[in-house]
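Heads up, the next two complexes both have chain A, just with different partners, chain B and then chain C.
== the complex of A and B ==
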């Protein structure tokens, strides 16, 4: 119990230390730098998993930075919190664990993948800053710190997306992402300003306790929903996703998938925990549902026609984000009606949250296999690739597993979460489930296309010298493969022990408030 | 960029010292007066801009080495997170030096007073760390922007360089 109370702070301190000490580790040469990167990412993941385990056993963890005591949320007689508070409930810890696994896989993959480039100590510093930003967004209990960590994550991503700065496309992608991120960060700051002006507090629990719906709150809500869906890449604002995901180095793309989940986390934290029962009308839930449906369908139809493998996968992430938005939008719609919540709302939320972990794992793996193809064959164009299954058997196997999972083929984990989403959305409005099904079929079609053109077919003479990728890239990919297989084999256990506590924590607004505010004055 | 006239150079030679001292004043008094590590560091880093404009690139780059500023940046960041981690026996970022006496822990008398400089504990250590980091970082940014101008001038021959080894 003693040192475990510091776990929320350690989750942020370890990657931050990793980022700051990277230039020094870079002085020691290749072995020291790679060892440092591996050590920090393993430790971060371990600490995140320990935190998840602690939160699942002991309930919501709070941590007050710099106070005399770690749970000193309301210092001497004040009625609202003044310090920087980390608040970790089951949903936050779940998201942090998911993100840290993606970061671990991306870090191992990058060790070999980036080996032929210079400036790697800067790369590893930016990588761990991005990890810190992502984890900070997921653990903080404070709106303004959410904004700060969002900015940390954004600024680190600009550098990482444009890491191959001699490619004009990479610079363009980074610039586009910079404009979108800065715009949405400013929207979030305006929204926080509205809430701070009304309630003199930025702590989520404190604001949630006092919240009454009025014009200022509605404006803040609109700004928050728009900017956070923009950052996660839902359809009307998805134009940065294909460029950024396709141009970033593959290990970074795997992490960026996790980072977009942090924006989604923010969206649902705002909708469920900050506004929650005072949300009132069904306008916001239906907005999220409609954005989800549009993302699913437009994303997948754009993906089917792509010829470049990473752009194709990037459009698929737009479509998969749509599933999550749809499911949690349905959950939000059912929030005020206990009967609807029991009938379909809670199933939808379980499906959505299960889809978050599934999506991060298989989409990260798909981006890594695309990176492996690029590393070995030197091309991302599907028209040029072909016959690579003969020379890259492990990559092919892992690609097949990931593609089957994303297409929702029955034994795999993607099927379980998609089934939960179909069942629950059908109860709301049958057309939603139909769109989701059609999207799933089109997903399968486009991944059959990738598999057939890149891996099957006759061996091409120009790929005669292609070999399997180096060990550390295989380790990075197998981490995600192992998680996918575990989720595939034990879906019931996962639903009962990881997903359901997270969904309950998200619905339980009173519990979130009382963890900081101590259940009243 | 070519050196400017002798008048400008002389004025800048004198003025940069005042800028440096003013910036360090802002950093050290961060907990008492407006400003702090970032603001003071930014003021100090304008020294680099002054020298580049007045003395031109050739002379300034002969002594302003990027490695020095990278080292300042890294040391600043490590001191900052180290000061946070040292407090972790209580909580992360706990001000373990405040009120302990010594250079950083003087107690402040109750009642109206003009402020006690060495009373802030880890806060002033962190201000100095951030100041060091910002001096290093902003000077590096100015140096690289200057190199970017030269890159633009002869872009036709060399082109943009990437990270390829």
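== the complex of A and C ==
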């Protein structure tokens, strides 16, 4: 039997094993615990990349849990699926690969970053539970399981954000996130209840095949859209992000960037694959576009005035999520019009999906460099930092690469995805592209401020003993730097082999439905 | 792999950009090489010009803090920033309020 058919299950089983065996690994001391964390992270990433390669070659992978046959989606005599089904198309596999790379970088960074703290077996257990939740949200083909994985990810993030529980700010950030996250989870559960009540199914493909817009479906759509945009950090429900991203340990913040993408994945899976052509009116696409524009502008203008480096970067996260919402909102707007899709919709979707990987890599790297500054200089306050480029040359170099990429400076990868977004959104409404361009300028201004105040300037006597961060933290940052450079130098390859298949899978609602409803055979 | 990225409205070629960057860098270095060669490190030529004032010993006393960056921009947009900061109250019940309000507004728009 070809073991690769089990890749979708392995993607979830490996980090789950990592989580539950962490306390046992912790008994072996620091070396065993660190080795376990590195091993599980590397294996999870490798399996995700293998799954991506398999899906790109063979097409959508379907994996039925508990069936006598792994691809037996429709049991005899039934016309809808009843078991837990993992459904991995090019978009799911792409998102899982992106998330797993962020998790790998965050794990390596955390090995040294967290070394001076106690309770690290709990840290690694929660870290891998968060990874499992994130990957589960991206691979499941089932609405209720999406909710379950969302909750696994949420509960793990509450613990990780409040990991430094002696800091009142960390506990407060976690508590606020818990309140808003639990509320949104309840709305998602109610939405799933509406759909289950109407169609007697929770499988996305099965519901999508039967879905007709009525009041229940519309209310479910509203609940899902608002909850998932909140979880991804979109304006006006973004207020939890600066608190949570700033207070979580840096390696966790890097992973949280990937987890926010899992919520975006859920949003677009709901809009494109579950509702798709049934969406009807342009209210939802325009809502997503408006949220995107507001997120871009409000996020970046709030970032400009921040003095705490991680809060500044967290507001930039809100801003970058805005680009992705704008681009995929435009794609959704063009979904029912083949001419519009050919003219600008598909370009916008390519730009948006390319921006997902770009954003995860450079934003993850920026949070890690902020963590490196905190680790070495003991401060996140930009008013106190300064002159650190002399003593932290590698961190400085990687910060410059990430800052240039997020600001969309050519030739970096951020420029390519933003170019696609500017040009395609201009075709819909020129003001959208203008706001996106202004946001990019303000992003550059904001990171020039960080670079000038933290890295440049005269040496400060209080930082006389500061040195470069340990090797494992540099490895964590280097992983993301290498990916950014590869994406920068090979944008055509990335677009053709990773982004376009993902965009095609997302717009192909019929293909998504038939992968399960065709029996999987 | 090496081809241009076509957006439907234009194209982007990273290698032409890198070539341009390389040529420009070479030109800059060439112009720099034409400059004066009597510079000596460690002499008074090295001294910082600090507005005719004495240069402070510690960098802490001469840096521009982040709080002062873009003060003109922030001052010009003061009404906008005042309202924006007011919205970001940090109170959890406000977060819930914005969430519920968004649900309500979107529900009205979708159901109507």
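By our rule, the second predicted complex is superposed on the first by the 517 of 521 C-alpha atoms of A that agree within 3 Å, B and C clash if a C-alpha of one lies under 4 Å from a C-alpha of the other, contacts with A are read in each partner's own complex, and residues count from 1 in each chain.
Quick note on the criterion: a residue touches a chain if its C-beta (ideal position, glycine included) is under 8 Å from a C-beta of that chain, and two chains touch if they have at least 3 such contacts.
These numbers come from a predicted model, not from an experiment.
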| item | value |
| --- | --- |
| Chain C versus chain B on the shared chain A, clash or fit after superposition | fit |
| Partner chain in contact with A:492 - chain B first, chain C second, else both or neither | second |
| Touched partner set for A:4, first chain B, second chain C, both or neither | neither |
| Chain B versus chain C as contact partner of A:165, first or second or both or neither | first |
| Which of chain B and chain C A:424 touches, first, second, both or neither | second |
| Partner chain in contact with A:514 - chain B first, chain C second, else both or neither | neither |
| Contacts of A:69 with chain B and chain C, given as first, second, both or neither | first |
| Residues of chain A touched, compared between chain B and chain C (which is higher) | C |
| Shortest span in Å between Cα atoms of chain B and of chain C, once chain A is used as the common reference | 23 |
| Chain B - residues contacting chain A, complex | 70, 73-74, 77-78, 80-81, 84-85, 87-88, 90-95, 159-165 |
| Parts of chain A lying in touch with chain B, wherever the complex brings them together | 6, 9-10, 13, 16-17, 20-21, 23-24, 63-70, 84, 116-119, 163-167 |
| Footprint of chain C on chain A - complex, ascending | 175-176, 179-180, 183-184, 187, 215, 218-219, 221-223, 225-226, 230, 236-237, 239-240, 242-243, 281, 283-284, 287, 298, 301-302, 304-305, 307, 343-344, 347, 382-383, 386-387, 410-411, 415-416, 419-420, 423-424, 426-427, 445, 449-450, 452-453, 457-462, 488-493, 495 |
| Contact set on chain C toward chain A in their complex | 1-5, 7-10, 12, 14, 17-18, 21, 57-60, 62-67, 69-70, 73-74, 77, 80-81, 84, 87-88, 90, 92, 94-96, 98-99, 101-103, 106-107, 109-111 |
